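Every chain is named by a letter (A, B, C, D, E and F) in the order it is written, and numbering of its residues begins at 1.
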Amino acid sequence: MKQVVTFGEIMMRLSPPLNYRFAQAATLEVNYGGGDANVAAALAGLGVPAAHVTCFPANELGQAAASQFRRFGVNMDHCVFQGQRLGLYFLEVGASLRASKVVYDRADSAFANLDPESFDWAEILKDAQWLHWTGITPAISAAAARATADAIRVARQLGLTVSADVNYRRNLWQYGPRAQDVMPALVAGCDVVVCSENDAADLFGIQAAAGAENSFASMAAQLMARFPQIRRVISTRRKTQSASHERIKGLLYDGTYVETPYYDITPVVDRIGGGDAFLSGFIYGSLHYATTREALNFAVVASALKHTIPGDVNLITAAEVEHIMLGNTTGRLVR
Amino acid sequence: MKQVVTFGEIMMRLSPPLNYRFAQAATLEVNYGGGDANVAAALAGLGVPAAHVTCFPANELGQAAASQFRRFGVNMDHCVFQGQRLGLYFLEVGASLRASKVVYDRADSAFANLDPESFDWAEILKDAQWLHWTGITPAISAAAARATADAIRVARQLGLTVSADVNYRRNLWQYGPRAQDVMPALVAGCDVVVCSENDAADLFGIQAAAGAENSFASMAAQLMARFPQIRRVISTRRKTQSASHERIKGLLYDGTYVETPYYDITPVVDRIGGGDAFLSGFIYGSLHYATTREALNFAVVASALKHTIPGDVNLITAAEVEHIMLGNTTGRLVR
Amino acid sequence: MKQVVTFGEIMMRLSPPLNYRFAQAATLEVNYGGGDANVAAALAGLGVPAAHVTCFPANELGQAAASQFRRFGVNMDHCVFQGQRLGLYFLEVGASLRASKVVYDRADSAFANLDPESFDWAEILKDAQWLHWTGITPAISAAAARATADAIRVARQLGLTVSADVNYRRNLWQYGPRAQDVMPALVAGCDVVVCSENDAADLFGIQAAAGAENSFASMAAQLMARFPQIRRVISTRRKTQSASHERIKGLLYDGTYVETPYYDITPVVDRIGGGDAFLSGFIYGSLHYATTREALNFAVVASALKHTIPGDVNLITAAEVEHIMLGNTTGRLVR
Amino acid sequence: MKQVVTFGEIMMRLSPPLNYRFAQAATLEVNYGGGDANVAAALAGLGVPAAHVTCFPANELGQAAASQFRRFGVNMDHCVFQGQRLGLYFLEVGASLRASKVVYDRADSAFANLDPESFDWAEILKDAQWLHWTGITPAISAAAARATADAIRVARQLGLTVSADVNYRRNLWQYGPRAQDVMPALVAGCDVVVCSENDAADLFGIQAAAGAENSFASMAAQLMARFPQIRRVISTRRKTQSASHERIKGLLYDGTYVETPYYDITPVVDRIGGGDAFLSGFIYGSLHYATTREALNFAVVASALKHTIPGDVNLITAAEVEHIMLGNTTGRLVR
Amino acid sequence: MKQVVTFGEIMMRLSPPLNYRFAQAATLEVNYGGGDANVAAALAGLGVPAAHVTCFPANELGQAAASQFRRFGVNMDHCVFQGQRLGLYFLEVGASLRASKVVYDRADSAFANLDPESFDWAEILKDAQWLHWTGITPAISAAAARATADAIRVARQLGLTVSADVNYRRNLWQYGPRAQDVMPALVAGCDVVVCSENDAADLFGIQAAAGAENSFASMAAQLMARFPQIRRVISTRRKTQSASHERIKGLLYDGTYVETPYYDITPVVDRIGGGDAFLSGFIYGSLHYATTREALNFAVVASALKHTIPGDVNLITAAEVEHIMLGNTTGRLVR
Amino acid sequence: MKQVVTFGEIMMRLSPPLNYRFAQAATLEVNYGGGDANVAAALAGLGVPAAHVTCFPANELGQAAASQFRRFGVNMDHCVFQGQRLGLYFLEVGASLRASKVVYDRADSAFANLDPESFDWAEILKDAQWLHWTGITPAISAAAARATADAIRVARQLGLTVSADVNYRRNLWQYGPRAQDVMPALVAGCDVVVCSENDAADLFGIQAAAGAENSFASMAAQLMARFPQIRRVISTRRKTQSASHERIKGLLYDGTYVETPYYDITPVVDRIGGGDAFLSGFIYGSLHYATTREALNFAVVASALKHTIPGDVNLITAAEVEHIMLGNTTGRLVR
């Protein structure tokens, strides 16, 4: 099978153990993750060849981050090591009615300062079938946005499928242009897009029709009309009960609207990367199943499982997902 | 803002990690706490200047306990270091239908043997606006009861607000007089009192009228009639589902009866100090809000948050409480 | 009181901390357990003299396993130390809809290669009142099956009560004969049997009548007709909600059908050994209560408590069980 | 082989991990030990049947302490559970030129308040060959001193060997009589005594002749003259380089003076219990070797090994000691 | 006693446990430290009132850092909270011939971006007797250098003693001017200076005379001639054996040359902050002893002790230092 | 650069933390290693492309082991996943005069049962320049010996350099033929051999001439005469002081005798894999330096560094080794 290639920043995540607050922490647990790298790692675990492309700082922390993704089976051969610092984020894990909290310390990272000329996309993508990126990446710096655009352009030339998680975070866009100026050209090159009604409104000014499910289909239809390359729009819907209790379902529109049942997750072990798990599940499902319904169901179960696994990355097998897709949601001991 | 001053014993708490039983523990987690010191620490975290007064043993453990409360921002300058041992308690954390368990080892502590002459209350309270104590303190020893009485007397002379959590524990009163003999004179000097119907009956022989909420108002009205200095009686009501699942609301009577909605807490991370969090929340609320309803709501949300935080002390900010007071109880990730 | 004697393999259990997956584990937590040894350990904790008989490898790991059960108060004087390796199993703890997973590494263990002549059952059982075994043991090897048969024969001769948990696991039976060939003769020597409808059908070809509770009574009546020594058949029924949430009740048939209410367990801390806790609770109850209803209720509450305790062994006191039997299921703090 | 019986207090030891200071500790490591119980545990590990007699508090901590010594294989059947608190000590582990530090919290323990009538020494010692006690025990309370005297008297009547480690700690003797008043009558009943020149001077007013090794022989000869029951006096001599580096040799006088070479220990992992390891090694050696030289060498190597093992108890095998006695001190990997 | 005030950046230090390499770390241990803040913390522990002045970021990490220094007893009331990020450094602890390694991530920290106008030095220093700073601070940014100059100027006006550790690190000076341009004016305002021959040569072009000890005196005499305010020049000399074994002595020149014996430290537990411990020890010694020899000896023993204590801060008492000054370097257990 | 390929078993190593004994361990630390895989991992870290070939069991533990070596940057694409169990070993870490101890549990592993036909050596080695194996591998089973012989034969055909660490362990050879029967034909195909005088005597009957260094040259000359393909014989010589203190130098004979100085390592952090580090260092050195003296010096410094790094694998950079080769052995802090 040909590779799926992802592009974006990998950060070190530092979190107090259990439910300790930042001020109580005598140790911090180390994980490494990034919205797109998590997709590559999950796919590698599912048996899909995956490569991630990024810029690490040329120091021990960059090496440590890279080695962690190699551990997940991701091809890191196209990564660049230059620059000064690894982006960081500090995560405090909430419980019940106390929210989890993230403190970012990613400004001026090696990735933000990457040189777009470092990446020979024709070479990187030559054995690939799929390129994935997220809306975080072009938000980081002009250089990162430029590299994203380069990757998409080459991917289109080579006939790859391109997917994006638009993932709009207003306060990330600090370097000058607005997301609304940058994102449309990038999304225009995509076949598959993760996009909620809110993001569609904020980024593209698309107003969904009123009403719960119809609103998604309405938005997606408009998005596809605006960007004709898009063939599928997907998203999750959450009924969050508390920091410890999540309910999640998957939505898809490809001309037809499809949704999954809700899956109940209590307790939530680690919610970081739940969206990335959904998207990586959808890529896997698209490559292995005949119907979008199956692919979507695989995606949402994969995402639900992610909520039970510590760290940013969804360490699961396809057999585990498929077992739950058959209705085995009671977590009975497997010997 | 002028200081809130609290007085009482600080103990070292030793607990097996996670849900291990005492006999399984190869390590014990260390926390320090006390019903009144926890109030000072929570207030300091909320930005209210707070000082705690106690007697520590003159050894490394006393120093360690003091430094921990300095960490919380509490002024410990009036603490005395004399005597032999730090009071201890061992806590085993239950789950589901298995109760948490406390084994006390506090007899003959430095605090129990304190010299009431060590504390120059006029000096200690000169810059204060509020004095808080709990019913645990006069239960420990005649000396502790004497010091409590001294503090209340001086506080009244200086015009401070005085609050008490009556917190009656029958088996603590071992040194001679009964709680019923000692507590009335102390409570008589208080403006704000935390008292449940059971404690009112046991300590003061006050029988509430029948009926759920009315019973509290009935009790509180009688209590205020008996002790005319009291202006507000508050309490929490709990619908405990299990060791891991709590529901809590706040009650107040100041002539008018007020209550909050129930807040649901599952899982409970650490229930120790939930009552102290309620009272410290109420002090903060009294100092910052126009209405008792707001103060009470702040108090009960603060208490609910405490159940999600490891240790005896409620490490929260006012912004976190106020966010939940607006109805944001689903613990959505804060970036 | 005379001893309860159990016989079977003790394995080392190795599990990643918290909810980590195998591939994430930098450390593994060590426990030791076995379906029958767990019964002895729980009984010793409840104050019933208990001895366990097994074959450990003659190395440091065998010694470590033995010392752990001595810690629980179990008499290990009749254990044999010979052979090469300690059986192992690796346990990954699931959460919510993700199942826990066991990887066995027990083939060719010292216990599987035991010499049945090593055990002088007349000597071992001379001060005993009860012998307990599980269906795991005769599944391991011909030698283990032979030793089980020897123990039962001598126990009958000496007038002991004999109990068995039939616990049929098809994939364990690898050494030649089928369970269906071996188990009937062993079960024939038992007074008390833990057996579900499924196991009765698989092992003995007994088809229960249709219908929820009647099906158990129907099966048990047939089992008692087939094996006249059996006086009581017991089992648990589970309504598993997820890997983190269990509901459990107890069933008994001794001519009359008895069942307990369901007990709710959320969160589940450690479900391994829940069945062993049920059986040990039933032995304790049989020795201390006048009615089977009380014994059964003790058993199911003991099993529910086990789900809240880390490790294979049910570390509880009778007072803790009896407190819950009185309806105190809310886990209120015990000071 | 007949039992060795030891008598004395078992304390919980609480120590910060690694080289952390008390004020830095977020967790404390739990061990249980006592100068005489450590001897029983080491002997059990060496294959010598050993029982320990003590009084534990009737709570979970007493049970935990007892179970820990059962784990070591010590017979705890004669222990009494009554009273309120378990004696504690806090240990901070030094390094290099920073000394380790102990903070005791053992006053008013269950053991100090024991009832001497609880112990039926004729029954306890009926299958024993040896009784061992230390000078700590009669220092704790009059009751403890009385029980020690009872045990020695009965042991003499039954013809046991009696040993003592005089271990004089001036600041422990708080309950009234001086060590100099109490110890002579107890030591008079002993066959084997661990005693340094300093202790002999302080306790018995015996002044050794000047000069390094002769001073020990001189003291021992006087001691044996004063207490004719004593047949052997032993001790260790230390050339302490730092908290992390120890040099140790063994001395013996039984009419003839014997000494071992120095053994070098760097790093020292845990020095607590080094003296107890020496004495237990000497008991083992006395029971297994023809010459006092061999017994003494076994003792000092056992003590050296103890310095490399975490906790109070010397967890070693005789084969390990004998391997080093042959000159294998380089710690070459054993496969 | 009047306060000692220190000024400079506090960083979060993140280190893999034990001797793990960065790439192996699943957790990082958290400490907070800074060359000048460490001096304040050590002095507070020694009983000297101490305040530290810095600029923290206005987030949870800044709060956590501040609370940690409050724990040490340092007055943090003059700290400012503004800006984005807390400076970090990652520390990998070596052993034997493998060096420890530091990776800095401190660029663009809140401290580097401080506003010099935030600090009202007349107010801050009004109750102080001593101001201390290090050469790290003016290296960070023009703003930090400006604030340092302000502090020194006001301290001189108020008649305080001013001390500096010149601590030249070439690669820190990135913002424009060279150290050689900035430092002389700052050092000119100091009474006590820590300076090695190398730093004197690099910073001030002072060439010491040849020869071991004389070289220091020669350099110091020239330094004092150049900067007449300087009354004492001190330094340590190290004979480093390995990452695990250090030898250290103290040197002083105040017209007369004084040195201490070498102190041997093996193993080294944590060498970070050894120089800060020396300087804080010298401040303590200067305030408490009659002679510079005693002050210097206190300083070097304090520094030696620091090498045995985890973290950046020297958590010691004066009694501990003085015990070793009397020659007790063997680390004998203190009960 | 072309790949170095290694072949052999990878085991899971389980060790109690710090210096705990097996019976004390509540957790075990997990590492993965193998004598030849460690060579591949070290080379990958040094920047030499490296692939390892082995047979893992087809379960989660095999996957975990593989992912760990991917983390080190080793190409694991040629590994086979079939069979039942992963070989294990338990390691207890000694200190001072207490030896470390290994308990093997590797019998009947997936590797022992490998199918030699699974490995297409012509394909595996087609891009390689070097093949390395150890004497452990042919000791495990006839299948493993057969696969080793296949690999060597193909490597010779393709013109690769072949190296072996003969590493004779008598008690490993259990499956029939003796090492003396199997090893000569395998060693005959090698260019570089690690062999001590003892191993040469035991395996090949070669008696070295008397005398310290000459003995090695004498043996090596005979070995090269016997196996003409061998061009270089290397080895280490150890002066082991204790389990915590090692001295090591390197020896080489290629017609000329070369040796390095001794390097002192105290404390030893982890001695497992020290020999593998030597050999991988020698491969690196052979590929990068002009002289065997430099290659040998690189090798022995690399080995010395390994003793300071936890785990089986030598996680170092060439710059770190070269820094020490220049004489910087004092471990001075690197900023």
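One rule holds for everything that comes next: a contact is a pair of C-beta atoms (placed from the backbone, for glycine too) under 8 Å apart; a residue touches a chain by one contact, two chains touch by 3 or more.
By chain, UniProt protein names: A, B, C, D, E, F = Sugar kinase.
Everything quoted here is computed from the prediction, not taken from an experiment.
Number of steps on the shortest path from subunit C (Sugar kinase) to subunit E (Sugar kinase), with steps defined by chain touch: 2. Because subunit C (Sugar kinase) and subunit F (Sugar kinase) share one sequence, their contact can be compared position by position; here over half of the interface residue numbers appear on both sides.
In terms of their C-alpha centroids, the spacing between subunit A (Sugar kinase) and subunit E (Sugar kinase) amounts to 45 Å. Taking each chain's centre as the average of its CA atoms, subunit B (Sugar kinase) and subunit E (Sugar kinase) sit 41 Å apart. Centre-to-centre separation of subunit B (Sugar kinase) and subunit F (Sugar kinase), using mean CA positions: 62 Å.
Residue numbers of subunit A (Sugar kinase) whose C-beta contacts span two or more other chains: 21, 23, 26, 67, 101, 267. Contact annotation for chain pairs lists A-B, A-C, A-E, A-F, B-C, B-D, B-E, C-D, C-F, D-E, D-F, E-F, with touch applied as defined.
Considering their complex, residues 67-68, 70-73 of subunit D (Sugar kinase) touch subunit C (Sugar kinase).
Of all residues in subunit C (Sugar kinase), those touching subunit F (Sugar kinase) in their complex are 14, 17, 21-23, 25-30, 59-61, 63-64, 67, 84-86, 88, 90, 92, 101, 103, 105, 107-108. If you check the complex, the residues on subunit E (Sugar kinase) that touch subunit D (Sugar kinase) are 263-269, 304-305, 307-311, 315, 320, 324, 328-335. Across the complex, subunit C (Sugar kinase) meets subunit A (Sugar kinase) through its residues 18-21, 23-24, 94-102, 104, 169, 171, 240-245, 267, 271.
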